[in-house]
Amino acid sequence: MSTYNYPKFGAGLWHFANYIDRYAVDGYGPALSTIDQIMQAKQVEDLSYVDLPYPFTPGVSLSEVKDALQQAGLKAIGITPEIYLRKFSRGAFTNPDPRARAEAFTLMNEAAEVVREIGANYVKVWPGQDGWDYPFQVDHKNLWKLAVDGMRDLAGANPDVKFAIEYKPREPRVKMTWDSAARTLLGIDDIGLDNVGVLLDFGHALFAGESPADSAQLILDRGRLFGMDVNDNLRGWDDDLVVGTVHMTEIFEFFYVLKINNWDGVWQLDQFPFREDHIDAANLSIRFLKHIYRALDKLDIAALQAAQAEQNPLAAQRIVQNALLTSIQE
Amino acid sequence: MSTYNYPKFGAGLWHFANYIDRYAVDGYGPALSTIDQIMQAKQVEDLSYVDLPYPFTPGVSLSEVKDALQQAGLKAIGITPEIYLRKFSRGAFTNPDPRARAEAFTLMNEAAEVVREIGANYVKVWPGQDGWDYPFQVDHKNLWKLAVDGMRDLAGANPDVKFAIEYKPREPRVKMTWDSAARTLLGIDDIGLDNVGVLLDFGHALFAGESPADSAQLILDRGRLFGMDVNDNLRGWDDDLVVGTVHMTEIFEFFYVLKINNWDGVWQLDQFPFREDHIDAANLSIRFLKHIYRALDKLDIAALQAAQAEQNPLAAQRIVQNALLTSIQE
Amino acid sequence: MSTYNYPKFGAGLWHFANYIDRYAVDGYGPALSTIDQIMQAKQVEDLSYVDLPYPFTPGVSLSEVKDALQQAGLKAIGITPEIYLRKFSRGAFTNPDPRARAEAFTLMNEAAEVVREIGANYVKVWPGQDGWDYPFQVDHKNLWKLAVDGMRDLAGANPDVKFAIEYKPREPRVKMTWDSAARTLLGIDDIGLDNVGVLLDFGHALFAGESPADSAQLILDRGRLFGMDVNDNLRGWDDDLVVGTVHMTEIFEFFYVLKINNWDGVWQLDQFPFREDHIDAANLSIRFLKHIYRALDKLDIAALQAAQAEQNPLAAQRIVQNALLTSIQE
Amino acid sequence: MSTYNYPKFGAGLWHFANYIDRYAVDGYGPALSTIDQIMQAKQVEDLSYVDLPYPFTPGVSLSEVKDALQQAGLKAIGITPEIYLRKFSRGAFTNPDPRARAEAFTLMNEAAEVVREIGANYVKVWPGQDGWDYPFQVDHKNLWKLAVDGMRDLAGANPDVKFAIEYKPREPRVKMTWDSAARTLLGIDDIGLDNVGVLLDFGHALFAGESPADSAQLILDRGRLFGMDVNDNLRGWDDDLVVGTVHMTEIFEFFYVLKINNWDGVWQLDQFPFREDHIDAANLSIRFLKHIYRALDKLDIAALQAAQAEQNPLAAQRIVQNALLTSIQE
C-alpha cells in the first residue's frame, strides 16, 4: 500500500469533452455540456482540479458549475476564456479590428471575474489565434505591440488576478505570437506587471524545440511559473497524447527540475483523447505520473548533480535509468 | 493580351467551404451547402473543374449538383468520399471494427457510382483516419494488410473506375498509413490493379520531406499519376496555404517535371483559406500559376538539362531564376 | 545472477573512433587507427561483433585486422566501404562523373572481397553522398536510375555476397536518394536480385518520420532485413546518441517487432559519442538493451496482441509500461 | 546599365574555404590558408567585406592578412574566434572545466584586440559548442548562468568593442544555449551591457522556426542588430545553401523589414558551398540580392502597409509578387 504523499492532480476540463477537427466536422462524439464533462472528471481516480473553459456551454450557469464541482469533489484551478472561437479567428489581442479586440478584452475580464467568484488560481490566456499565416501578412512590430499592450491592459485592469500565458509555436495560426518560453518572458518584461506569468505546457515546449526542463528553470528563475500541464507528442505537432507514452526521460527531467526548485503546484493534464476513453486516459496518465513521483524519490540527486557538474551524460543517464527503470539493475 | 494556351484549372470544392477546427469549434464562418460552394466557385476566373466531397451536404441531390455545375460552367474531376467523419474516426479501411470497414466500403462504392454518373475522372481516396496515434497501438503488419486489401477490394469491385490515393504523412491521425509517395507505390504494387493510382498533393510531398518534383517523377515512371493538386506550407504541417506564397522555386520545379513528362492534366488547388476571401484566394493562386506556366515557356530547358547532367546547382539555378524572375537580368 | 540468454551485441567500429565535423575541424580527439579502435572495442563488456569501415586506416592490412579481431574476441558482421569520402563527395553510384562511379564500384567490389575473406555477413552500403542539395539540381529520373542500376551492377557482380542498403533521409547530402524504408524497398524491387536488402537503423527511421517498428515489419515482410542497428536522437537529425536515452518506448516496440518475427540477428550500435567516453557509452547502451531484452520477456504478448486487435492504445500502453517500468505497479 | 545604389556586400571568409564533415573526413577539397581564401574572395564581383575566423591558419600573421585584404580591396567587418575547435568541444563559456573557459576567454579577448587593430566592426561570438546533447546532462540553471556571465565578463573587459552573438538552435551541439532571437535578447538583458548585440543569420532564424523578418524587427526594436548574414535552407537544418535558391519571399520580407527600419549595414553571405565553385556561388548570391534590392525599390510600400494594417495576406502577397516577379502582371 502506497505511503507516498502524492501531489494534487488536475486536468483541463476539455480532457472530458468530445472534439472536432477540420476533417471530422461532425465531431469524434456527441457534444457534452460543461456539467457532463465535470461528471466525467468525477470518475477519474485522484483528480482534484480542473481548468474550465469559459463561457460554459450554452445554458449552464456559474452556480450550476460550482455545484457540480462540489458534487464531484473538484476545484477550479484556472479559467480559460475561449479567445479562439469564430469571432476571434483573426486574433484576440492582435485582431486587426479594434472591435474584436474590445470583445476579447471583455471576455477575458469576465473570465477574471469568474476566477474571483469560483476561487481559481488564474485566468489562463491561450491566444491561439494571435499570430499570422503568411509571409508579409503582418507588420511584425505592430503585431507584437498589440499582443503586449493587450496583455498589459488586461492584467493592469485586474491587479488582484493572476494571468498565465500559455505559449505554443503554432496552431490554429500557422505561427503564434506567444510562441516560446523565451519570447513570452521577453513580453512579460515588456508588460512590466507582477500578475502576468506563464502556464508551461510540457508538450508545447517539446514542440517548440525546447527542453521542457530548461524552459521550466528559465521561467522559475524569473518567478513566473504560474502553472503547468503535461501530455506527450512526437515533437512535430501538439498531439496532446497521454503523458508518458513517448517521452519518459524528458518528462522525468521536467518534474526533476520542478522538484529541486521546490515548485509544489498541481500536476495537470492537457490531453485530447480524440478516439480513446477519456476516463481511462486520465487514469493511465495519473498512474504514470505517480510512477514519476516515486522515481524522483528513488533518484540519487546528489550523484546526479555531481554528474551534471561535469556535464557527463553517461553518468547522469545511468543514475536516471536506475530510478526510472527500477529493474535495470538486475 | 495573353496568347498563352493555359492548362485547365480546378479546385477542391472545399476551397469554397467554411472550416472548423478543434479550437474554433463554431467554425470560421457559417456552414455552406454543396450548391453554395459551387456558386462561389463559379465566381473564380478561369476555374473549370472541381473535386466534390461526397455525400453532398444534407438535402442536396446529385441532380441538383449536376445542374449547379452546368450553370457554373464547371465539371467534376473527382469525387472524394468522406471517409474521415465520425463513424470512420478510428479508420476507414483499417478500422478495427469490420462493420465500420464495411460502411467505408459502401460509401466508397457509392462514390464510384457518382463518378460514373457525373462523368468524373476518379474517386479520390484520402484515408486520413487510417493509421495510428501511439507507439504499440497497432500490429503494423495487420494494419498495412487491411489498408492494401481494402483498396484492392474497392478497386477490384469497380474495374471501370479509377481510384487515386492521396497520401499524406499525418493529420488527423498522428501517423497515416499511406504516408509517402514511395510507400503508396509499394502498396499499389501489392494491390496489383491498373485502376489504382496516386493523387499527388504538392504540399503533402513537401510535408513528407520529399522533393515534390522527384515524387512526381517517381509516380509518373510507374504510370500512376492520376491527378495532382497544389498549395503551400512551411514544411512542418499541411497548412494548405495559397500556392506560390512560400515555395516559388519548388513549385516551378514540380511543374517543370510535369511538363517534360508531357503530363497534361488539370492544375488543381487544394487550399484551406480559413480566414481569407475564398474567391480572391483562388484568383491569386491562378494568377501565380499562370506566371509559372509562362515561366516554363521562357525556361531554357536544353541549358537546364545540361546543367542537370553535371548536377551543377549554380548553373541550374541561374537558368531557373532567369525564367522565374524575369527582371533579374537587368 | 543473470540467467537470460541475451542476443549477441555488436557495434560499428566508428563507435570507437574520434570524430570531426565542419566546426571542430581539428577533431574531437586524436585520430585512431583501425587497430586502435578494435582494441577499444575489446574493452566493452559483452561485445561480439563489429562493422568495419573499409579501407582500413593507412598502413593497416587485412591480416592485421583479422589478428586484432581474434585477439579482441570479435567478429566482423559487416564491411562498410567509405563511399562518402572526398572523391565521392558528389556521389558514389549517382556521381555525374562516370569515372567516379567506376571508382565507387571498384571500392565496393573490394569490400565484397573483404567480406569473403573475413567471413562477414554483408557489405553495408551507405550512400550518404548520393542525392542532391538544391531544387532543380538534378534530373530526378536519371538520378534514381543511376542509384538503382549501380546497386544492381554491384550485387549482380557478387551474387555470393549480401548487400545491405542503409537508408537515411539526409546528411551529408541535403537529401539522400535512399531516404526511407519504402523507397529502399521500391528500389530493391527494381533491382530484382535476392542479395540486396536493408540495414535498418533505428535512428534513421525515427528521423525519416517513420515508426521504426513499422519499418522493421515492412522490411521483414519482404524478406529483406539483412541487419539493424540502434541509437537515439531527437527526431530532427541523425544525432547518433546512446540508445535508450530518449525513446524508451519506441525502441522497445522496435525490438518487440523483431521478436515476434523471430528475427535473431545481432543487436548493433551505431553511435557517435563525440564528447563521451566511448567504452562507457557502449557499456551503458548494452546495459539498457539487456533491460529491453528482459522487459520483452516480462511483456504479456497475448494481452498486447488483444489490445492491438482493438487498436486500443491505452490498454497497450498499460501492458507495455508494466513490462518496461517494472515498479509502476507498486 | 544599373543606376542603383546597391548596399555593400560581404561574406564570411569560410565561404572560400574547403570543408570537412563527419563522413568526408578527408575534406571536400584541399585545405586553404587564410591568404588563399582572401585571394578567392577577391575574385568575386562586388564583394567589399569579409568576416575572418581567428586564429588565422597556421603561419599567417595579422600583418599578412591586412596586406592581403588591402590587395584584394576588402575590409574586415568582423572577427570570429574559433571557440568551437577541439579544446572547446565541451563548451566555450559553458565548458564544465574552468580552465577551458579561461582559454576561451583568452581567445575571445585576442579576437577583440584583432578587431581594434584591423578596424573591424565587432567580434562575432558563435558559441556552437555551448549547450547540451542529452536529457539530464546539464543543470540548466547553471548552464545559462555560465553562458550569460561569460558574455558579460568578455564584453565588460572590452567596453570599446562590440560583441555580436550569433544564435542557432543546434549544431554541433544537439542543443545550443543561445538558440533563438528571443532567448538571446533575454540573455542580453541579463548581461546589461550596451556593447552586446546580435548577428542575425537568416537561415538560423528559419531553422529556429522563426520568421526572420519578425526576428529582425524584434532585435531592431531593442537596438541590438549589430550585423546580419544570409543563406538558405530547407528549414530542418542549417544547410547554408546559396541565398535565394529556396525562400525567395521570406528573404524579400527580411530585407523589407531592414529597409523600413533604415538599417543600412552590410549584406553578408554565410554559405558553405561544399561541392560548388565558391566564387560562382558568391556571384550567383549577389546577383540575386541585387534583384531583391531592385524589387524593394519597385515595391508599393504604402499599399503593402495598408494590406498589413488589415492583416490581409492576399492583398499583401499580390503586391509583393508584383515587385518580385515583375512579369507576373503580363
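For reference, chains read A, B, C and D in written order, and residue numbers begin at 1 within each chain.
Keep this in mind: a contact is a pair of C-beta atoms (placed from the backbone, for glycine too) under 8 Å apart; a residue touches a chain by one contact, two chains touch by 3 or more.
Per UniProt, the chains are A, B, C, D = Sugar phosphate isomerase/epimerase.
Since we're looking at a predicted model, the values are computed, not measured.
Under the contact definition, chain A and chain B share the contacting chains C, D.
For chain B, the chain with the farthest CA centroid is D. The distance from the centre of chain C to the centre of chain D, with each centre set as the mean of the Cα atoms, comes to 35 Å. Chain B and chain D have Cα centroids lying 39 Å from one another. Chain contacts: chain C has residues 90, 133-135, 209, 234, 236, 242, 245-246, 249-250, 312-313, 317 touching two or more partner chains. By the touch rule above, chain A contacts chain B in their complex via residues 19-29, 84-86, 89-90, 128-129, 133-135, 170-172, 174, 234, 236-237, 239, 241-242, 245-246, 272, 274-275. Against chain B, in their complex, chain C makes its touches with residues 90-91, 96, 132-142, 144, 169, 175, 179-180, 182-183, 185-186, 189, 208-209, 211, 213-214, 217-218, 221, 249-250, 252-253, 256-257, 304-305, 308-313, 316-317, 320. Chain C contributes residues 2, 209, 234-236, 242, 244-250, 276-277, 280-281, 284, 287-288, 291, 294-295, 312-314, 317-318, 321, 324-328, 330 to its touches with chain A in the complex.
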